[in-house]
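These are the structures, in structure tokens.
Each of the next two complexes has subunit A plus one other chain: subunit B in the first, subunit C in the second.
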Partner chain A sequence: MLGSLLSGLSIGSVLLLVALGLMVIYGTMGVINMAHGDLVMLGAYVTVFSQRLLHVPFLLCLPLAFVFTGSLGWLIERLIVRRLYSRLLDTLLATWGIGIILQQVIRLTFGPELQNVSVPVFLTGETRVGGIGMPSYRLAVFLVSVALLLGVVAILHRTDLGMRLRAVSQNPQISACHGIDVNQVRAWTFALGAGLAGAAGVMVSGFNAVRPTMGSSYVVDSFIVVVVGGVSSLAGTVASAALLGGVNSVMAWLTNDVLAKAVLLLLAIAVIRFFPKGLFSAQAR
Partner chain B sequence: MKRRTFIQTMATSAALTSVVGCSRGAAPGSSADGGETMKVGVLFSLTGGLEIVEKSMHDSTLMAIEEINAAGGVLGKQLVPVVEDGASDPRVFAEKARKLLISDKVATVFGCYTGASVKAVLPIFTQHKGLLYYPTYAQGNECPSHAIYTGAVPNQQVTNFIDWTMKNLNAKRFFLVGSNYVFPREMAKVAKIFLQENGGEFVADEYLPLDHTQWGPLVSKIKELKPDSIFSNVVGASTVAFYREFKNQGLTPEAIPICSTVTSEVETQAVGPEFVAGHYSSFPYFQSVDTPANKTWVANVKDKFGANTVTHHAMECSYWQVHIFKQAAEKAGELDPELMRKASLGLEYDAPGGLVRIDPDNGNAWLTPRIGQCQADGQYKIVDEYAGPVKPLPYVAYGETEQNLYCTTSGLDTTKFNPQEQQS
Partner chain C sequence: MLELQNINSFYGNSHILHDVSLRVDPGSFTAVVGRNGMGKTMLLKTIMGLSDRMRGSIALGGKQLAHQPTHLRAKAGIGYVPQGREIISQFTVKENILMGCYARKDGKKQLPDLVLDLFPYLKDNLHRRAGLLSGGQQQQLAIARALAANPTMLLLDEPTEGIQPNIVEQIEQTIIRLNQELGLTILLVEQNILFTRRAAQHFVMMNNGFVAASGTIAQLSDDLIHQYMAV
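== the complex of A and B ==
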């Protein structure tokens, strides 16, 4: 039982890791980034590329992928998303198209086959924490997602950019009247969300198959997390990732994984039925 | 309001996703019949989740066709491959098989990887009296009248494996795990029957979806139950997550070896050899088979597709079955698929992995069972090998023996075995 709670924690931390970037972009800009999963995929390929050609150690790939996908996100906002604000369906279609382009570019450069990422030895096997064995890699995933979460909280609440960002998300017109460059703030937000997706991709590449289509399952998972948690709430995202991870793991331990997945989806439906705005919603005004 | 639009748009996007179907155009064929060319269908997934394995089978099929063309073709005709993409979806396979048979009128089709895709196309081949060469190891329990199966059946892959594991690894208690579709479930069923007959037992059997990546809870369960060995039929990309989680939770091949019927050289390369080293797989062919014929073939493959390419069982079968087809067409003397199937029976070929023969009764292949242990470089050291090829018995789990055949040229003898009664 304790073991399954721990593995629930690790499933939850993966969910949090991939949902964080999506939440930043959707929660503050109202743009559903369908390319999110493919940015995660791109982060994984950055790891493959930097390991194979630049011989960069695994953990150093984190900042590399963050910067790479972040810059790409900045470009995407500048070139495409910017022209489509307040046209939800169009942004959806455009970002989805970007996702397909990214997938095909990767397929043409790296080929369709599975890639493998080598993980440093100290991240394989188990680490003993207070008498309980934890897979080291899962522990690393957990620590990285907590660190990224704290990073996002710090950016939102402790920096100038974060303050502008929150202002823009509440009311772009009035923020503009107060001299905030709304376009610039949005570009940086999109870059931040994309960068987080890239960093998630690095961690995911360590335990999962790296291939061009790997993003699609992550985009679904992270949407469920964001919807259950409440679309614009950071605390909600954390809580729903923990809840869904825990339920998944305990159900899988009690019965089997297929049933666990079904229970998870039922739970998501129930939450949406009774809390239409998610578990933690921002106060209505 | 925000939430409602969110959910609406999600529904729209889901609908959009399902519309996407990829199709790749057929290679242009010249004169249809009687000219200097002969059309053959090549049907593997070139897109979707299974392209990883099927692309290599596609490549080696085309390689064999090129070789045959360079040597003068079949019956003096150059083979023209009509390439179709099954897109990892059995429904697309069925549609493309119909197209190949009806509008391209191909002499034969080389193709299919998963049991699900074969089950989808077989009725079409029977209906249109076509011929399918199917190069993948299968679960048995099939007796097709319009196909030749060149991959292993359970008595060439499972019987010997369980027997060897029980004797040499001292395993009594097995944990069965697989992907959730027909092949792994049927393989597990076969394994359970053998275990019972040989005094072994299974402590659990679990099936996970094909693209499953969260192996944490299942591996914890393995840790709790402490089986002597794991019999794995895990397919596709989730193999990667499985072996990685296994090692990450501190389990070793010395304590609990994974015995797989699916993890070949190509999957090992994707998982990373450091995670697979020490575990076992059972196939009639490994890249490490030490014969001059295999060394030449492996060198040719690397030459053609790059030095990092590995060869594996299904890829080898994809290659040599084209040469069997050439012999069959020349023996039949004409391009009637039913006559060619009849002509295929009993043919022999010196394949990279050793001599193979198409069984005169059931149209499966005589192959040499082998068991390999993964090494640090991702290659398999052969730890057990039969002296020669073994007769295929697709119904071995249900009591079929060489003296008492269930599947013969006249079809399945339902007085001996009735699949309808076996549904469980």
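== the complex of A and C ==
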């Protein structure tokens, strides 16, 4: 049981890792970035590329992927998403299209086959946590997602960009009336969310095969996490990642993986049915 | 100081303002009056660049603002206190005031002494969440936020609407003080004729998106009010 809780924690931390970037973008700008999963995939390919051709150590790929996908996100916002604010369906379609383009570009350059990344030796063994052996890599994923979460909290609440971002997410017009360049803030927010997707991709590449279509499943999972947690609530995203991860692994321990996934979806539907705004909705004034 | 020429402004496809021209001199106090739905709020929004589409010229101290984005108009020296206050309810009082500093020309983030002197309640409650304040306190906060930018002129949209009477008096006194003691140029949208006559030097009467009449406050006769404001 303790073992399955630990594994739940690690599944939850992967969910959190991938959902964080989506939440930053959806929660502050109301844009559902359908290319999010493909940005995760791109982060994984940054790892493949940097390891194979540049011989960069695995953990150094994290900042590399963050900067690469972040810059790409900044470009995507400037060139496409900027023109579509307040048109929800159009942003859905446009970002979905971007995702497909990214997938095809990767397929054409790296080929459709599976890629492997090598994980450093010190992350391959087991670490004993409370008397139970746990794969070190799972522990690393957990630590990285906590570190990224703390980073996002720090950016939102301790930096100038964070303050402008929170102001814009609550009232863009009034923010502009007080001298905040809303377009600039949105571009940086999109870059931040995309960068987080890239960093998540690096960690994912260590335990999952890297292939061009790997992003699709992540965008679904992370979207469920964000919606169950309550849009624009960081605490909600954390709680729902932990909850869904825990339920998933307990069900997988009791029955099997497929049933666990089904229970997870049922749970998400139930939460949305009874708390349409998610577990932790930002309260109205 | 602020000069509008032939402003035509649109909300979606509706043509709201028609050929509005007006001049606000430095240090003056101008009130925009008229019935509800006549375009008063739209006039202020158009000055801030919040209308969907507009034609015409908006000049502040000789600088053309009509094609500038909203945040640069704020930085040019226009402070805006919107209708319904629109403070950021999840921010603390302090964060709301500091937010106004983004429009400061030097970009510094500091709580201006003036603001804290004018509004002792805010000074004592800097760490309260703004959403918990009463309407009147939120209105004071909205004024404080606009003042934090050191603006050269202030646009106020019905600052005493829906506010408890004991605070209405305070807010009116503050607005008069800002104009008379600190020389701030004020453009006020107001329905309350008593306050308008007490505070303003000039008036602009709006009717169906047109300027129906304008002049010094002495020219704001009971006849005009009867003609354009009686319900």
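Methods note: the second predicted complex is superposed on the first by the 283 of 285 C-alpha atoms of A that agree within 3 Å, B and C clash if a C-alpha of one lies under 4 Å from a C-alpha of the other, contacts with A are read in each partner's own complex, and residues count from 1 in each chain.
Basically, a residue touches a chain if its C-beta (ideal position, glycine included) is under 8 Å from a C-beta of that chain, and two chains touch if they have at least 3 such contacts.
Quick caveat, the model's predicted, so the values are computed rather than measured.
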item	value
A:Arg166 touches, of subunit B and subunit C: first, second, both or neither?	second
Contacts of A:Ser175 with subunit B and subunit C, given as first, second, both or neither	second
Broader residue contact with subunit A after superposition on the shared chain, subunit B or subunit C	B
First (subunit B), second (subunit C), both or neither touched by A:Pro57	neither
First (subunit B), second (subunit C), both or neither touched by A:Gly131	neither
Sites on subunit C touched by subunit A in the complex	48-50, 69-71, 74-75, 80, 82, 86, 88-91, 95, 98-104, 109, 131, 145-146, 149
Subunit C-touching residues of subunit A, taken from the complex the two chains share	160, 163-164, 166-167, 170-171, 173-183, 282, 285
Residue ranges of subunit A in contact with subunit B within the complex	3-4, 7, 10-11, 14, 26, 30, 32, 34, 88-89, 92-93, 96, 112-118, 124-126, 133, 135-138, 206-209, 211, 213-214, 217, 223, 227, 231, 248-249, 252-253, 256-258, 260-261, 272, 276-278
Residue ranges of subunit B in contact with subunit A within the complex	2-3, 5-7, 9-10, 12-13, 16, 46-49, 51-52, 55, 180, 206-209, 211-214, 216-218, 220-221, 223-224, 237-241, 244-245, 247-250, 266-267, 269-272, 274
